[in-house]
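Consider the two complexes below, in which chain A is the common component and chain B and chain C are the respective partners.
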Partner chain A sequence: MTTVTAGAAPGTGPGTGAAPAPAPRRRGRRRWWGGQPLGTLFAAPYLVFVLVVFAYPLGFSAYMAFHDYFFTAPGVEVPKPFVGFDNFATVLTDPQVLASFRNTAVFLVINVPLTVGLALVLASALNAGVRWAAAYRVAYYVPYLTASVSLVGVWMLLFSSNGLVNAVLGPLAPDPSWLANKALAMPTIALYVTWKQLGFYVLLYLAALQNVPRELYESAETDGAGGVQRFLNVTVPGVRAATTLVLVLAIITGTNLFTEPYLLTGGGGPDGASVTPVLLIYQRGIQQQNPDVAAAIGMVLVIVVGLLSLAAQRLNRER
Partner chain B sequence: MRSIRTAALLGAVALATTACSGGSDGDDGGSGDTAATGPITVWLSNNEQEVGWGQDVVDAWNADHPDEQVTAQEIPAGSSSEEAITAAITAGTAPCLVYNISSAAVPGWVRQGGLVDLATFDDGADYISARGGDGVSAYETDGGSYQLPWKSNPVMVMYNKALFAQAGLDPEDPGMATFDDFLAGAQQIVDSGAAPSAIWPSPTNDFYQPWFDFYPVYLAETDGTALVEDGKATFDDESGKAVADFWASIYADGLAPQEAATDDAMVSGQTAMQLAGPWAIASYKDSVDVGFMPVPTSDGREDVTTFADSKNVSMFTSCENQGTAWEFLKYSTSEENDGALLEASGQMPLRQDLAATYPDYFAAHPEYEVFADQAARTGDVPSIPNSIEAWQAFREAYTSAVIFRSTSVEDFLSSAAAKIDDLVQG
Partner chain C sequence: MARQVLLAAAALVFAFPFYFMVVGAFQESPTNTPDRLVPTSGWTTQNFAQIDARIDLAGSLVNSLVFTAGVLLGTVVLGTLAGYAVARLQFPGRRLTWVLMLLVQMVPFQLLMIPLYVQITRGYGLGDTYLGMILPFAINTTAVFIFAQFFRALPREMFEAARIDGAGELRILRSIALPLVKPALATVVLVTFIGPWNEFLWPFLITKDASLQPLAVSLANYITNVSQTAANPNGAILAGACALAFPVVALFCLFQRYFRTTDLGSAVKG
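Let's look at the complex of A and B:
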């Protein structure tokens, strides 16, 4: 898709003649406030929010990552020398940090395709007018709205050695059980997060599906396309922009995993199989009072997530 | 346009990913005067009995000190008291006193400049040693008294008497004092079907979990050797190996689960034993008939040492009226108020000759006598640099070797000792 918006500046379009240039003061005001000062005013509170709550901590994290930094009581002055890339070297040679990124990769490989696939299929089914669509929508959305802490309790009961899942599986139940099994802990967490977040992504896709013209489906049907072909050739390309959004959000959510490994597998267990970078940031920064090392992990994570999101965006770009 | 989109995407991702919050270097001092008096705030743990005791003590103090009113609050909610206190120190919002200090966190808070050395008060050192005896020196950090040793919960083996009887073990004298006897008894419990597991220590990765599995048994096996002494890890030896092998056998033989319990395993009958302190007597009073025995050793010796699981009191540098805080600290830890704490919670004040100081209490509550006796022989976590990091390193290596058998016990002991040596020696 190409944009056809004209880039002509106000006052210089056809028929306006040779209007006099704005006075310098007005030009300066426009530079700061834009063409719609009222709109800028309305947007300003959120801009301030982003600067204070997100941008400042991000900049401060970068500062901490390059210094020998620790939190002190107010008024306590201690040297916090610049240490270059020392904290990054510590992080990148720490086997546990590297394992946490491997664990995250396992999570993403399972969670992201499942999320995109299931959300799109379910949204298409709901959009096609199945009976009880509203009830299904609520059912998908309730886990997303429910606090993870309470849902984790339910999943612990379901997937414990004596839980319902193993009772159903009988002799096929894994030993050690799901959450105590090094090979199954992270996949179980990936399934949990997929299930919990699905309702949100279904809603995103449902909104995107409203913009796919009915005529395209009718035309494809007239050309003899079956249900699967209509899904692959009309629905999937029609919600491409939403898919990019879902991919990026799923990647960001996945790489920020904390509650699940903290509670579901007891602090990244078993034997470190579900340790994640954010769990390590918490341990190093808050529990062990090494915020400089924690900030370095955070910076590495920002870069990794940025690259993954870029890759997702490019892979999903319309060719 | 594409580069703008890319930059915007990267920016959005960066902002959404970053979860670190900035700390404050602040410049508003707040360091109090050790003679200043006036209103103060104290924090208590959220234990119901302790809150009740604390409020009674505060009410009594306030009635006699109209110009030095004390306000008691529970420690703000957080995943642990230590995190709430660390955040409060950094923000300069810590109260004057906190009655729930874990020794493991003290070195970090001293490094932050958050704690007052109680020995700087004229009678500080004398009061602390007169109350707690010679053992209080173990609670010093960098030669300073940054915590007043307050109360302990000596860890013993708690067991379900009914399940023991069902398994054919004598509930009044189980005879499980040695490692071999303990393992045999545990096997008997599982084999008899009395309970699916014999004992259920939490297998999670939290840095403090060794205090409730490895460490009490290690203290018993070594007659009180701390995990680190003289700047070096102590456990990479025969005693450490014996204790690690003991726990490894429990997991290898299926006597303890490798996953966390989803409920109170003692109440649900999923396990027959737990390591616990005197708090458990009140907690299980209405649900399980429990007995207590000392933690086992290789030779089943008498008079074993165990983990104190102490909680102490610290004063914070943000306190403006430190004179009042010090007087209230002494008042609240007087013989009378310690007795009130014992009465209310069953937790053992860390003072000399406990049983002789409160004979009436122990005569009226014989079930606590075993803990009063045990309280005289306890060890605590050592006050070392990078304390929590060291315990976390220990826990991870232990979990890998002992609970999940991914590495050998020998590798666990040597690698954890080497890492802890590095951390302690900075």
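Let's look at the complex of A and C:
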């Protein structure tokens, strides 16, 4: 996001890394200090970093969302009264906010199934031991590594009204063109993001496929299962855990779009058809100087992402 | 056979926009029709000069480099220490550190963007500074995970032997553990590099001063504002896009043989 986050900042989902073994029990002071108290010193910079850049802003965000918070001139102390759920009420009755969540839904409906399907198909084709597999892997991964601003510049030209895509389509070209068309702006962004992120998910699936035992494929083949059947009955269940991870990461990426609508459709156009919640956080919070409302949008967004991720995990659970 | 066709077709879809970008960056007029996709004439380097005249290409690249180098330095020095501590040392707060590492990865940056903006520009007065740009990214948590996984995989006896020989932890880390996890370093550098280098939203928020903007931000400004008044905006946009994309692609090609899928997998899902 932006990075992800910030770029490659994956690693949600349950069981990220094995938890460290509990410290062996020792007596008295040594037990409290553990074996190597120096470890505290080593970890201290990271802990301070998390405190300053994550914990504090998180608390601050909650504070802003429940108060009438506004920017004042430096040094001026003005009371910022507690307003309960007022900011949330403002957010949830704002037609633009509701539209931004609808736009996100359109995005997810297109992006998530495409991402999961294409990534798994490409990964399992690569995993079958084909020639030039390494070169293909590089080709798929490079868009993920490249800055979105660069690639958005290219897509803008390709999908402009007299761009290459429309030239190839000829009379089939949509009118108004892709990014200027209310019905097509969000789907075009969804296609772009699928294209850009797919390589990362292909690599995730490739890693997961290493753990699917070869014998399963062999015995399925002996039982007379064809290629498609093997894919559906061995590959798909074999990488279920990875699929959950891909679903959750794709949902997080899709609900945090900013660069794409900001640049591709000139700030969420046409006529608000590709406005996203994060774009609104920027507009409300910084351009219009309402950080309290922006913080409330952020909290609603995180709750929605959490619920969607939970739903994805439930749906994908082994039955 | 069907597999090869599928994979090759996909590779073409992934690679084509890059081809279009590179060829268009060196064309007097980037093509919009399929019959001129392989141009034989009209080559120029003017596009780079043109965008440089508007956004100071070299200056923006330097800003991107400072931003990225700051994050890399923080991650490699402080992230290694944290990764080593949670992987190999028993200390109070070890479990807490591990739990925080997991939680940090679940907090989307977008939730923090408004409070961080207020905190860093108004609280610390770091708007329009390199430090303000670097601070929220200073230690990449994914990198700490990768370090921790690698350190944990080293044999326990080695550390015990070194401790018995009287080596301090810093010495063990520097002379024994670090040289053994060099492949992790390659992955960490790549994973960490693409974060700040490609980042748009955060530096966009806190830099008003154009002379401090990294290339991702100044190129975006060019695309949204300046390009309307340029003679060959498409060529200039593609030239800027090339300049922004090239360092990452070059770094990836350079490190490709150290970069293992499985490292990424271990960092992501344990």
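Rule of thumb we're sticking to: the second predicted complex is superposed on the first by the 262 of 319 C-alpha atoms of A that agree within 3 Å, B and C clash if a C-alpha of one lies under 4 Å from a C-alpha of the other, contacts with A are read in each partner's own complex, and residues count from 1 in each chain.
Going forward, a contact is a pair of C-beta atoms (placed from the backbone, for glycine too) under 8 Å apart; a residue touches a chain by one contact, two chains touch by 3 or more.
The structure displayed is predicted, hence computed values, not measured ones.
The wider contact with chain A, measured as residues touched, comes from C rather than the other of chain B and chain C. When the two structures are aligned on the shared chain, A:L169 is found in touch with neither chain B nor chain C. Of the two partner chains placed around the shared chain by superposition, chain B is the only one that A:Q96 touches, whereas chain C remains out of contact. With both structures placed on the common chain, the touch criterion links A:I286 to chain B and to chain C. Applying the stated contact rule after C-alpha superposition, one finds that A:A183 touches neither chain B nor chain C. Of the two partner chains placed around the shared chain by superposition, chain B is the only one that A:L310 touches, whereas chain C remains out of contact.
By the touch criterion defined above, A:G75 reaches chain B but does not reach chain C.
Touch criterion met: A:S161 reaches chain B, while chain C stays clear of it.
When the two structures are aligned on the shared chain, A:V236 is found in touch with neither chain B nor chain C. Contacts of A:F54 after superposition: both chain B and chain C are touched.
In the superposition on chain A, the residues of chain A touched by chain B in one structure and by chain C in the other are 3, 50, 54, 56-58, 60-61, 64, 71, 74, 153, 156-157, 162, 252, 255-256, 266, 278, 281, 285-286, 291, 294-295, 298, 301-302, 305.
Interface of chain B with chain A (complex): residues 1, 6, 9-10, 13-31, 82-83, 86, 89-92, 94, 108, 111-114, 196, 202-207, 257-260, 262, 316-318, 386, 388-389, 392, 396, 399-400, 403-404, 406. Residues 3-4, 6-8, 10-11, 13-15, 17-18, 20-21, 24, 30-34, 78-79, 81-82, 84-87, 89-98, 100-119, 122, 135-142, 144-145, 148-149, 169-170, 190-191, 194-201, 205, 216, 219-220, 223-224, 234, 237-238, 240-242, 244-245, 248-249, 252-253, 256, 261-262, 264-270 of chain C touch chain A in their complex.
On the chain A side of its complex with chain C, the touching residues are 1-13, 15-20, 22-24, 32-40, 42-43, 45-47, 49-50, 52-54, 56-58, 60-61, 64, 71, 74, 118, 121-122, 125-126, 128, 130-132, 135-143, 145-158, 162-164, 167-168, 195, 198-199, 203-204, 206-208, 210, 241-242, 245, 252, 255-256, 258-259, 262-263, 266, 277-278, 281-282, 285-286, 291, 294-295, 298-299, 301-302, 305. Those residues of chain A whose C-beta lies close enough to touch chain B in the complex are 3, 50, 54-58, 60-61, 64, 70-78, 96, 153, 156-157, 160-162, 176-177, 179-180, 182, 248, 252, 255-256, 266-272, 278, 281, 283, 285-291, 294-295, 298, 301-302, 305-306, 309-310, 313.
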